[in-house]
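What follows is one structure encoded as C-alpha cells, with my remarks underneath.
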C-alpha cells in the first residue's frame, strides 16, 4: 500500500528568534518505507534533526522568528503485516524486554494507577488478546467522539469521567487501561487516509506477544475511533502520551495559524 | 571515593506466583565503577535482568510467591568530577541532543506546564547555571522536609501547594521547575552515605552544557535536601520521575515488610 | 422507633488551648425527637453551641488543651414516614424552592460538572424517582465497600475512577450524580443501628417532590451501602459534602485517639 | 453614593423549554438601598423569584426557549461605612456565629486544605487584620490579571500554581488563603463603576470582628484587583465560591450570545 501525504502548518512567532520542536515526518521503519519526501520550513535561523524517542522517526529543532510555515510531502509504502490481536497471547510482565518496561509506567496524561480497580473489575476476566479487544470496544462504546470538549490539559482520567473526547483522548484511555493491565502501551502520532475530517491523527500501540519478533513481542496499533487501519497507517513518532509527540512544541510564544493534512492511497 | 553499600528489603506476596520489578543495584557507569557486588533474592521461580531506562543500570524481573527477601551488598568507586553548576552555561533548546529531549516533557508527577508562569516570574531573570542554583535554593527554603505528609500519589504540583515532602517530592519540584525552564531533568534513585536517616534516596539530575562531553552536555545532580554529595552518590537508575524508578514494583498483591540501607565510605 | 445511642471519641491537643468544632449530637427535627440526651466534654476552657447548617442540629465550639474526651448518650424517637422514592416525581429545576438551590451546585468533594456526560448517558432515560433508584443501584453495584483505600482528600470523581470507598465515598458519588441530574443533594451524618461495624455513618439526602410538604419537596435518604434504614436513622447534621459535617474539625494540632459508637433499638 | 446600573445579556436556548437560574440584580441590603429597578426577560414561559443564598438577594428561575434576552437597570444607594481592615481584630474560631461557620470549610474551587502549610508559613506571623492585608497584597503582587487563561474549571489551587487569572480567580485565592487561616470567606458577585473593562465583577468577603455588629463580626470586601471600592460596590449575591453565584446557570443547552455592563456614579 503506497500512501501520498501532503501536510502543512503555519504559526506566528515573536520578533526574537524562538526554538521550536517539530515532529511531522513519516518515520523510516521496517514496516513503512519512505519512498520520497520533501520538507520545507520557511526561513529558519537554525534547523537540526535529532533522533526521536526510541529512535522512531526524527524531531526537528527550528529556531525562527515571525511568520513560520512548514510544508511536507511524502510517498510512503506501508508493508505492515496483518496481526490478529484478538487471538494473540499477552506477555507476562516478567517476559517483557527492557525497552518495553517504561511503557507500563504512568505518564502525564495516562494515570493507570487511578483506574486499576475499574480495569480489574471490568477486564480482569480476559487473559489473552481478547482483553485488548474488550478494552478497545469499551472505549468505542462509552466515549463519544466530540471535538472541542477536551484540551491540551485533559488526562485519561478526566476523559474516563467526562466520556467525551477526540483521537488523543481515546488513545489515552486505551493506554491507561492497558497499563493498568500490565500491558506496555505507547502513544503514536500518525497519518491515515480514513481520518475524517483529515487531520493529524493519534493511536495507541500495545506491546503483545509475537512469535515472529526476536524480542518475543511487537507493537500493535489499537484505535477505538476505527479511523486508522494498520495497513494504511503511516507512523510519525511515539511517546508515553501526547506530552511527548506534538507536531509542534514551542519554547516561547507562538500563535497557531492553521494546518492542513491530505493523505490518500496512491492511484 | 569508595563506598560500601548494604541494603535489604522484604515483602510478602500471595500464594500464587507474582511478577515483581526490582531496581536497587548500583549502575555501572563511566563515573562509578562497581568493584564488587552480591545480590541475593530468596527463592525466586524466575529471575531475569533487563537493561533499565536509557541503559542506566538494570532492572530485575522476579517471579515469586510467599515471603520474599532481597539482600544486596556492593563496593562502588565513585570518580565523578566536580562540576560547578552555578557558573555553567545552559543549553538552548535547539542545542539539545535527541536523547535529552524527552526529559523536557511533562510526566506523571512533574507537570511543568502547570507552573510555567511561576517559574518565568521567579527564575526568568537568570540565564546560566545560576538559574539552577536559584531553583534548588528556592526548594530548600520553601519546602519543609517532613516524612509522612506525602504519598505515592503526590505530584510536584501538590508539593508546590503543600510545601512539605521528602526527597522524592523535593526532586519532583526541581524537575518540574527545570522543565518549565526548558532544561531537561530526570529523576535518579541512589545511595548516599549522608542520607539521614539512612534509606534509599532520590535526586534530580539536570542536563547542562559541558565542554568535556562530546554531546555538549552532561547530567548533573541537584539535591535541595543537601544529603547527596555528587562525589559520594551511587546512582541506581533514572526515569522521568518516581513512577519509573521504584526499588520494587509489584504486578499483583504485595505487602511491604521492611527495608534497611547502610551506606558508608570505605575505611 | 426509639433508638439508644452511646458514642464517644477522644483526641489529644497541644499544650496551648486549641479551638475545635464538634458535631455528633442527634438533631431535633420534626421527624426525630430527642427524648433525652447527655453530652460530656472533658474539661473545656470554652464551650458554646451554635446552630448548624440550615439549622439542622447544632455544632459545638470547644476550646481545650491536652487530652480531650467526648461522651454522648441519647434516646431518640424516629417518626420518619415511609417514602417510596421509586414512584416519586422529580421536581423540575424551576420548581425548586430557594433553600434547595445551593444543593444542586458543585462542592469540594462532589464535582458534578466532571461527570455530567456519564450521568446523562447512563441515567438520562429515567424521568422520575426511578432515576434515583438507578443511581443508587449503580453505586451499590460498581463501587466496592473497602475501608482504608480512600482518605479525607478523596473526591467523588476519584471514587468514580477508583471504584472503592466507604460510606462517605458512596454518599459523595450519589450526590455528584444527583446534582449532575439537577436534583438537589446534600450530605448527612447520622447514627444507624445496622451500620456494620458500628461507627459514625453518612448518607446522601436528595430533594424530591412531596405533596405532603408545603415546599413541594422533602429530603429523602439514599444510602447505597444499604446500612441506613430511614425509619431507624438518626440525623446529626447536613452539609454540601463531607467537608461540612465532620464529627470533629480542629483549628490547630490534634491527634485522634479513638472513637466508639453503639446504636441500638430500645427494648 | 448613588450608582446607576445598566446591564444586559443574551443567550440562545434550544427549541424545547429549558430552565435557567439567573442572578444579576442588586440585592436589597442594610447598606445598599435599591432606589429603583427594572428587570426585563424576553418571553419567559415561567418566571419565579426565590431567595438566594443566606437571603442575600434573589435568584430568578426562568423557563424559556429560543433566543433569550435579559435587561436590567437600577439606581442603588450604597451607604456602606468605611472599615479599616488592617487595624481590625480577627475572631477566634470559637467566637464565630453559626451562620459564618460554613464559610471556613472547603468548597469546589477553594480547597484551603491544600494550601494550609503555605499560608501558615507565609501569613502565620500576623494575628490581626494585617493578615488580611498581607493576603490581599500577596495576591495582587503574585497573580497577574490576564483574561483568557483561566476557565470555569480553574480552582484556587490551579491559580496558585499558574499565577494568572481574572477577578474570579483572585477572589478564589483570597478565599482559600483566608479559610486556611480559619477566617470565614465568601464569594460575592457585584457591580462596581471602576471595573475596567466594564463587566460583572467578583470579590471576596471576609468575616471580621466588628464591634458595631450584634453578631460580633461583619463581612468586609477584599478585592486584590483594586477595582471594587467598598463604598461604590453594589452586591448581587454571595456563595461559597463561583460555583454558587453565576449570573446565568442553564439546566440544559444554552449558547451565550453577549453581555454588556455599564455602572456609573449618578451625576
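By written order: A, B, C and D. Residues from 1 in each chain.
Heads up, the rule we're going with is that a contact is a pair of C-beta atoms (placed from the backbone, for glycine too) under 8 Å apart; a residue touches a chain by one contact, two chains touch by 3 or more.
None of the values given here were measured: they were computed from a predicted structure.
Enquirer: Tell me which chains count as touching both chain A and chain D.
Expert: Where chain A and chain D share a partner, that partner set is B, C.
Enquirer: Please tell me whether the contact surfaces of chain C and chain D are same or different in residue numbering, using the over-half criterion.
Expert: At the contact between chain C and chain D, which are copies of one sequence, the residues are largely the same (over half shared).
Enquirer: What whole-Å value do you get for the distance between chain C and chain D if each is reduced to the mean of its CA atoms?
Expert: 28
Enquirer: Taking each chain's centre as the mean of its CA atoms, how far is chain B from chain D in angstrom?
Expert: About 45 Å separates the centre of chain B from that of chain D.
Enquirer: Multi-chain contacts only, two chains or more: what residues does chain C have there?
Expert: Where chain C is concerned, no single residue meets two or more other chains.
Enquirer: Quick check of your reading of the touch definition: is the inter-chain graph here a line, ring, star, complete or other?
Expert: ring
Enquirer: Dump the list of chain pairs that touch, please.
Expert: A-B, A-C, B-D, C-D
Enquirer: Sort out for me which residues of chain A touch chain C in the complex.
Expert: Those in contact with chain C are residues 114-118, 121, 142, 144, 157-158, 160-164.
Enquirer: Residues of chain C touching chain D in their complex?
Expert: 19, 21, 46, 48, 50-53, 58-59, 61-63, 92-94, 96-99, 101-102, 105-108, 111, 113, 152-153, 182, 239-240, 243-244, 251
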